[in-house]
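In the two complexes that follow, subunit A is the common piece, with subunit B as its partner first and subunit C second.
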Partner chain A sequence: MSGNTEYYTCAGCSCLCDDIEIDLDGENAKTVKTACRRGSNIFLEYKENRAEPAIEGRKVEFEEAIKKAQELIEKSKSLAIYGMDTIPIEAQKVAIELAEGKEAYIDNSSSYCLGDFVEMVLKKELPTATFDDVKDYAYVIFYWGVDPHNSLPRHMSRYTYYPRGKKRQRGYEEDRYLVVADIRKSHTAMLVAKNARFIQVDDDLKLVDAFIKVIDKQMPEKYADDAVRVIREMQKADFNVIMGGLGLRYGLKGNYEKFKEMINKMNEVAKVYFIPAGCHANMRGFNEVLFEKTGFVNKYSFKDGESSLDYAFFELLKNDKVDTTLIIGSDPVNSLPFEISKKLAKINTIVVDPRKSFTTQIAKVVIPSAISGVEQGGTMIRSDGVRVKVNSLFEREINDVYVLERLKEVVA
Partner chain B sequence: MAITPMEIYKLLPKTNCKKCGEQTCMSFAFKLVNRERKLEECTPLFEEEKYARQREKLIEYLKPLEEATETGLIVKEELCVGCGNCVVVCPVHVEKDPYGCGSGLAPKTDKLILKVENGVVHVLDMDMCRRYGKNRVLCVVCRENCPTDAISFLEG
Partner chain C sequence: MMRFTKFLKVEVDVVVARNAFIPDNKSSKEYLENVAIAFMQEEFAKVNGFKENDVIKITSKGRSVNLKVKISDIAHEKGILIPNGIYASYLTSFDGFKRFKAEIELADGEITKPEEIIEKLKG
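Entry: the complex of A and B
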């Protein structure tokens, strides 16, 4: 509360809120202030449901689990490394070095999440901005195919719609214009009231088309009213932002060229930026680290030196291309279709995770690690590309960097 | 559900007996909503057996009144996701803490009406709410920006 309050960072989602206050009671977090329900429970219940070192379901010593994992990686002819969405970039770098040394496949959840948008942003094909600029200058705030109230709870109250900024001091009712495009009336869409618009979309491509045609002064097939109104509002200000989520990514059905054309056309008549509104804490971090090293953001094969859909983790599993997988801080049995994820039980699966999950249940080797933001610190990259320093509440010796460095010994 | 004087009146004896000190049952109903009167002050309702069913219904209906704060604000913690929209939009917070709550960041003062703690919103000090005191206004900005209906008011 005073000037010297220590703030912690919540690594629960890609908002990476770095203004969390925590009152400690010995080794337990007693009260967590300002974090959302999802974030506060990461701190309050960090001791629960913890993973233990195990080999084929049998509890073993930590060293033994590491040795077994090293042995499996060494023997492996075709290794895939997957996950890394919730670990700091320092650990991601070690994982990428391990993949390079072993000529392995490497991928994270962005291959079916927002990786394509991050790639376009990193290649400078889409203009982008930071949340600080959005807070200070943005007028039209356009959520397209995303329900931040549920997936990124503090996105609107901390970064975009509600806070007052330098040039937006009169609050959301007068100084912001909210647009929500979604297939259903989500919780975010319920916030649409005065100075706002909800577009119920059944075909995202038609909405993209409507914007292009309105700018070209032609009559669109559908959404004419919505597109005209939104473009008119965008022209009122010199800073507008579109936040694209998974709904937009799948709604575009791969027609990214058309979307880029729409953003370029919009920029002819107004100033529009794009920010991916993703879910995992450091998904973009992995994309950026891999992009710096290889020029690709995900689904990369160090053996072939290229990125392709065939190297996406789910495709590798589907086509039985890997004999060993190293899964770090992710639960593919929960997130991938069962038909694909059940194959993890047949191959050598090594899981590095602080908590028990469905994947740790079927894994051959389980190596416990530390929870980001609670037991390990580092750097993470927010969904707008800003690097955020994550402090740890208690420093734990066995963290992701340590575990991955140990596993990397096999290629050293 | 909103608590209205009309709904209360329908369940009162409607005899205008004046035993409570009010001229009519309707004015008693109004004062019940404003919490200036207690239901127990309607003695016929509790003494006469024929009102037993109405009495039970009224007690059930007026339950939210006990949970509500002085300004009629009710927080249902089980519905709150801790997004903090209410904390950021509150005009009183913006005035008291422009660089904390007003800018979407962690509060820099403890003198607040609402605060997010352990992932849910809590009422800290209702005296500062604009709905309270002499120059009160019917502000509902926190409820308007809560899509999960965790915040509600007695009047609906």
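Entry: the complex of A and C
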């Protein structure tokens, strides 16, 4: 990227593509180049479906919504702060300060998404790499339980499989070996052709076991041919990478020790790295910021000074442990099981979000904010751990940092 | 003409996955068109008597939604795939967050609107 062209950052997913070209007509994005379909729409349609300040469904002035939210937070005896996956780390830090000041619980979607993998990476229990390394050196590129074609549309074209890199100059057909493990033939699995393998996996733990057994020269119960072939390919190169998604996370059923054993075994015979392949733009940012402060990546109680499954947002709701929740840049009604999210309608739910969502429809208080990458910049952390400066189209005065600083006044 | 499959209930595996076509604007027509869908393979649909654009009722743990059938190879052989979103969340629990069992059958009505789920949530 060079010359006079200004490049913007798409905060639509954890790829955080910072090569987006936009032709502006005043404050309207006229054309968007380089972005994927979803990313383009974020810029082209940013004025649509915007949240408005509201109290119990009644439209109010912004200041009134702030005051009401402050009152609810101040009166709360048990507050949970949740979300923050789509806001810059500068705003996440303010939310953490608010949680600390109020001795509240704090969590993001990673507690049921890829937080466990991020924690293992941050604790150096899994060897990891950056996308730059993957682009330059990776031979076997193994997507396990993730369909980047749909969830991370430019992952393969910008960072991993398709680009030519320093040691990968001959194109993906010859210089890469693609492996896709999934329960179904996803769009990503459909790309498996020459120099590639699709493993239709019914039981992820048996595939993990197959890799371990093959390396130990034993016969696995299932997936023997797949494991032998993939290990043989990994041994051809000095850099291979496994990208693990939600399918892997749930397929492991909590047996992370077995997965780490598999990665360690693989590294006895080849060089293999792991990168979490998650969706939300700055989920990892929150994990890292909280980790730096507390040593834990999510589901943290500032009152108890520890992280526990009991403090996961969904557990707190399920067990009626909170009277008030502050949800920032997240739509749990869309993503959490009904039995959990219906609790949000019974307690004081405050939503800070630039857009209307299903959760804003049941919230006691709605406070509009700014769209990351469009109306607010800052810093976000990509799924490979690289910090990305988010260059936005505009900077609005009312953004997540501003809103959260205002809410923090109650504990100042 | 009455369809025999109208009376047939089929137990299936439901897989939940992301769909790149789902926009951020959840009030839009495009959102509904891309999220209120149950993908199934052609052979599975044929064997069980479903056709493209049929409305099917999906029931899991006592909760039901009506979604539109779309024939696609991205579904697995033994069931249906539904996109990540409010319908999947309505049917799931953390016991089977991204993969669970459900019964499917032909439905008489229209697809379920997100507002119907929101009303139940407020319930």
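We adopt the following convention: the second predicted complex is superposed on the first by the 410 of 412 C-alpha atoms of A that agree within 3 Å, B and C clash if a C-alpha of one lies under 4 Å from a C-alpha of the other, contacts with A are read in each partner's own complex, and residues count from 1 in each chain.
As a working rule, a residue touches a chain if its C-beta (ideal position, glycine included) is under 8 Å from a C-beta of that chain, and two chains touch if they have at least 3 such contacts.
Since the structure is predicted, the reported quantities are computational estimates derived from the model, not experimental observations.
*Asks:* Is A:Lys356 touching anything from subunit B or subunit C once the two structures are fitted on A? First, second, both or neither.
*Replies:* Touch partner of A:Lys356: subunit C, not subunit B.
*Asks:* Which partner does A:Lys217 contact after superposing on A: first (subunit B), second (subunit C), both, neither?
*Replies:* In the superposition, A:Lys217 contacts neither subunit B nor subunit C.
*Asks:* Looking at the overlay, does A:Arg58 come into contact with subunit B only (first), subunit C only (second), both, or neither?
*Replies:* A:Arg58 sits against neither subunit B nor subunit C.
*Asks:* Contact-wise, after the overlay, does A:Tyr7 reach subunit B, subunit C, both or neither (first, second, both, neither)?
*Replies:* The answer is first: A:Tyr7 touches subunit B but not subunit C.
*Asks:* Tell me which partner A:Asn41 touches in the superposition: subunit B (first), subunit C (second), both or neither.
*Replies:* A:Asn41 contacts both subunit B and subunit C.
*Asks:* Is A:Ile183 touching anything from subunit B or subunit C once the two structures are fitted on A? First, second, both or neither.
*Replies:* Touch partner of A:Ile183: subunit C, not subunit B.
*Asks:* With both complexes superposed on chain A, which partner does A:Pro153 reach: first (subunit B), second (subunit C), both or neither?
*Replies:* both
*Asks:* Contact-wise, after the overlay, does A:Arg170 reach subunit B, subunit C, both or neither (first, second, both, neither)?
*Replies:* A:Arg170 contacts neither subunit B nor subunit C.
*Asks:* Need the overlap of the two footprints on subunit A, from subunit B and from subunit C, as residue ranges.
*Replies:* Shared contact residues on subunit A: 36-38, 41, 149-150, 153, 187, 190.
*Asks:* Would you tell me which residues of subunit C are touching subunit A in their complex?
*Replies:* 15, 17-21, 23-28, 63, 73-76, 81, 84-86, 89-94, 97-99, 114, 117-118, 120-123
*Asks:* Would you pull the subunit B residues touching subunit A in the complex into a rising list?
*Replies:* So the residues of subunit B in touch with subunit A come to 80-85, 87-89, 94, 98, 102-110, 115-120, 144-145, 147-148.
*Asks:* Please give the residue numbers of subunit A that touch subunit B in the complex, ascending.
*Replies:* Contacts found on subunit A: 1, 5, 7, 19-21, 31-41, 44, 135, 149-150, 153-154, 156-159, 162-165, 171-172, 187-188, 190-191, 193.
*Asks:* Which of the residues in subunit A end up touching subunit C in this complex?
*Replies:* So the residues of subunit A in touch with subunit C come to 12, 36-38, 41-42, 45, 48-49, 112, 147, 149-151, 153, 183-187, 190, 246-247, 250, 279, 314, 331, 333-342, 344-345, 355-358, 361-362.
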